[in-house]
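In the part that follows, the structures are each spelled out as structure tokens.
Here chain A shows up in two complexes: once beside chain B, once beside chain C.
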Partner chain A sequence: MSSKRHSIVPPVSQSGPKPPVQFSSSITIADSAILTGANLITISTESVIHPRAKIESLAGRINIGRRCVVQERATIGAVGSAGKITEAAVTLGDYVTVEVAVSIEAGDTIIGEGTTIGVGSRVGAGAVIGKHCTITPHSDIKAGVRIPDYSVVYSNGTRRVDKRPVAEQLKYKGLARQIDVLRRMIPSNPAKFM
Partner chain B sequence: MAPLPFSPYTFIQCPCSDSTLLARPADAKSPTGADAEEDERTFDPRAPRSNYSLYPLEYLLYCEDCHQIRCPRCVSEEIATYYCPSCLFEVPSSNLKSEGNRCTRSCFQCPICIGPLSVTTQETRHPDANLLSADNAATPHSGGFSLTCSYCHWSSTEIGVDFDKPNGIHAQLAKIRNGGESRLTAKERKERRKELSHRGDSAAAAAAREEIEEQVPDLENQFANLKSFYNSQLADPTAADNGLSTLGDLGFSSPSSLSRIMNLYTGGKISDNKAKSRLGAIREALTPEEGLLVANLDEAALISQLHQSEHCDTASMAQITSQPPNLGEPALHGASRFTSSLRPIPHLLRTKRSKRCPVCRHIISKPEPKVQTTRFRIRLVAGSYIPSISIKPLTLPGPSGSSSSNPSDLLISLKPVHYLLTFKNPIFETIKVTLATPAATPGRFPSKVTVLCPQFDIDANTDVWDEALKDNDRSDKSSRNSGGTTRQRRGTEAGYQLEVGKIWERGRNWVSIVVEVVPASLRLEDGGMLREDEDILEIPMFVRIEWEAENAGDDGGIVPGAGGKDKDQKEKRELAYWCVLGLGKIKQN
Partner chain C sequence: MSSRRAPRGEYIETDTGNKVARKATLVGTQNIMLGGKTVIQPEVMIRGDLIRSIQSSTSSSAAGAPPNNTAVAIGRYCFLSRGACLRPPGRHYKGAFTYMPLRIGDHVFVGLGSVIQAASIGSHVHIGARVVVGEFAIIKDYVRVLDGTVVPPNMVVPSFTIIAGQPARVIGEVPEGGHEAFELRELYKTVGNNPHPAPS
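On to the complex of A and B.
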């Protein structure tokens, strides 16, 4: 079958030594995902790492929770301007969706359960985002900011609290379905990173 | 911060700012004729009035009957259709009077972030859903519907509003107060009242009164109450109990004085029998039933709510002003101050407009009435009637190149620069262009301007392919024209000197000429400050174009001396207008 589309981007060179990883057996990680750094990268049950997503553990440990989706060209653990080395660089809770081209900087950054980080957003070092937040596309979360649970950050940093009746179960179910589809579409190759 | 690079521009003056032209439309056909002093006055682009008459060519329209440029300011507009920008449905203008200028279907904007709202089924909780297990079967929809914003996740459930049906949201919303309480619309209330009064017994009337009293005094029903009260007052002038009116006959509060005043205008007799009989006074509303609304001066609840809320909970000015008038909100104290009480905004309707010439009333722009199409039936844009002027700095290579500078560079005072003006002819006739500029630009800093070739012809805008095939004849053509001012571009390596009275370059339907400018010195003797934009070099230029058009035959707009009035005879036309060329910025030192 030659119908496969070939990327015009040159292949990613996996330079340097492989970082230590701790993968759950049920994760989906694309062959062309990039894992670098010297600290431990933990990816829990049923999480999906898209192709060309980049996880850097240069500045500390990276923890990715259950059923997280890290989309293309997202960078988790980017060494930002602060560039300090901490114990846990980035911690993603369960059911976190990190969309395309998001940059999450390292330095005790915590993203709570069920939060969605929109396309092209930037999360500064040490920011703590609560549970079930929505960061709309192209938002800039400054370093060290604390965002309470159920917040919506929209239109250049305006914030509001999402007061809808909580429908976590429904959201989780949708995400589970999405992961189910992704698992079939993204050929997984965790062995490459072990 | 680096200043933005200056890009040259051309603005054209619409003749509408000359009040004389509009008053005497006959003159438009022969602008060279009448007012000599008007022609001799140089147009000053810096005059305060000029701001309102200068437009880029793209903004201008052209009236074919008056042969005159028309700007957005001087055309008269007519609304062709009203439509909703969201659902693209046309709204008949009769509906507009009754329903207002907002979409009455289901098009709403988010009150928080103005994103479009969509109708969604209400999410219901499933306690049995297992987190990490396989997906459950889709449950049938049970709850109501709500409006949700997919951007900021606002939902109408936040203000306690949900809907029974997914369509006709506007009508449903009108009946729901914030918090989900339903309210009667004016029509329903009227019907109910009628029903009760038909029954006639006192118990029913009492029930009605009770009902009115327990209603929240919102804008609509307070107005209705007041209206019915005053109507009854006017109808029943003998109602004597007037605790409030002490002015009696002389005041304006009695029906008799009202009718007396009205008689002054209608010309009836003051000593009307009918008016005499109306001696009672109109009293004021005394009960809530009559429309009295007692001001609630105790705002403690509001203040404590403010204390408890954060800054982001209070509605911004933009949010409040974009709220539609809500007839259901309480009068006097109704305006919502918190984002938690903002209601969805129905989309404002938009219009398609046709434009008419102010003088001859001919339509010069008319859109397709269908909302979905963006095309125009009639659109007479000035760009297809008058030549466009583009400006380019002229860089001369070699040692003689005095103006070898980047276009973004600032002009240096007293150092001559050259600009290439390219005139492009859009019409199918050869046009004769005559340019005039003042020798020095108006204003405090006069720059010297010389148009090297103020008079030239531009060939017709013929078919591109015809021209390409005729390319061999080009040499003949240029030789035919060479008696005049016309020339092809001079030798590429030898020439390059600028010659007065010669065209720089010409093409199929365009001609380039050179303008020499000596920028003024921006030095002020008294050391004062430059005013705003005084460093911009703007040249006023009077353009007069002449061409021979087919005789339309209907308007008789023939310049005397152009020949007979036969149909096949060509008639001479001319158009003259001022334009302003913005060339560059002069460097300040």
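On to the complex of A and C.
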């Protein structure tokens, strides 16, 4: 019996040619992240892409703003039910956190600044989520839905507006600190995707 | 029989009886502690790379001792089903961001595709499929978490309760004498490179 575990991480299925990318020099992207598609993927300053996160630009451009965090197994630009090719498939604003196993479908989908998409949620094609929203885990945002700024989506579909006074600067500072720690923990290899 | 078996087993069995699937994604293996007899199925992901970035001054007893970098500690007879994800919770502490270790007791079952970011999970806990346990939640012993539950961050779940819902609520208690159902010794034997059939 072999006691040594040889392949810790199974080979990442890098299907098709590498997509064109435009990376800022300060991003952190894990070696085992998966980038596919034919359109441009832009990742701005200080964003973090965790291992095994998947970014697909099959159906259009993907724009990821500044200081975004895309956690493991999240899929950005999944070709959903609509399946049509658009100019900008998915646009993430600045300070967006996309948690584990989230699926954001392609088709002019826009996520506003400072929004958090919880674990296992699905954002349908063409959905527009405003600024500083909180989408709790396992929420299903249907295709084409518009969610206003400062909304909280919970209990799978119930919505309310967060009326707490927002401390945006504090939140940004917190995220910046988190990214600072992540940058030290995740070995970055942007050259692999260039 | 031998022709049907893959040349290399699907699982790697360690000396302490852990059965780790080759297709599991373990990041930062040096920071993951397995107590023994734990099953890790394919497609499980454990983030051992998210270690504590601030050392607590109280826990390190001997000065100069190597820092304790354990990110995920799992007890004995745990069962991590296909697609489960364990990641240490992170928060701001003393003006800086740090991840904190995730501790799991013995006989803990984690269902298909569940994401665990708890601070601690006790022993004899059954977590169903597609469950999300939020950051710094604490689940005590003998708890049953039903399928699809979303345990919000920082929730403390008392012993012998059944929880469900989105967000999670206590919906019942584990009945008297219902402890036996949490035993995972038999389940442990049913997986691996030469599994025993499940007792009917």
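In this section, the second predicted complex is superposed on the first by the 185 of 194 C-alpha atoms of A that agree within 3 Å, B and C clash if a C-alpha of one lies under 4 Å from a C-alpha of the other, contacts with A are read in each partner's own complex, and residues count from 1 in each chain.
As a convention for this text, a contact is a pair of C-beta atoms (placed from the backbone, for glycine too) under 8 Å apart; a residue touches a chain by one contact, two chains touch by 3 or more.
Since the model is a prediction, treat every value here as computed from it, not as a measurement.
Of the two partner chains, neither chain B nor chain C is touched by A:Q22.
In the superposed three-chain model, the partner touching more residues of chain A is C, compared with the other of chain B and chain C. After overlaying the two complexes on the shared chain, residue contacts for A:P165 are found with chain B alone; chain C is out of touch.
Judged by the touch definition given at the top, the superposed model places A:S155 against both chain B and chain C. Of the two partner chains placed around the shared chain by superposition, chain B is the only one that A:T45 touches, whereas chain C remains out of contact.
Contact with both chain B and chain C is seen for A:T136 once the two complexes are overlaid on the shared chain.
In the superposition on chain A, contact of A:R184 is made with chain C only, not with chain B. By the document's definition of touching, of the two partners only chain C reaches A:E72; chain B does not.
Common to the chain B-facing and chain C-facing surfaces of chain A are residues 136, 154-155, 177, 180. Within the complex formed with chain B, the chain A residues making contact are 45-46, 66-67, 134, 136, 152, 154-155, 158-160, 162-165, 167, 169-170, 172-173, 176-177, 180.
Of all the residues in chain B, the ones that touch chain A in their complex are 112-113, 123, 125-127, 129, 131-132, 135-136, 148, 151-155, 157-158, 312, 339-340. Here chain C touches chain A in the complex through residues 8-9, 12-15, 20, 22-23, 25-27, 29, 45, 47, 49-51, 53, 85, 87, 90, 92, 96-99, 113, 115, 117, 130, 132, 134, 148, 150, 166-167, 193, going by the rule given at the top.
Of all residues in chain A, only 1-10, 32, 51-52, 72-73, 100-101, 118-120, 136-138, 154-156, 174, 177-178, 180-181, 184-186 touch chain C in the complex they form.
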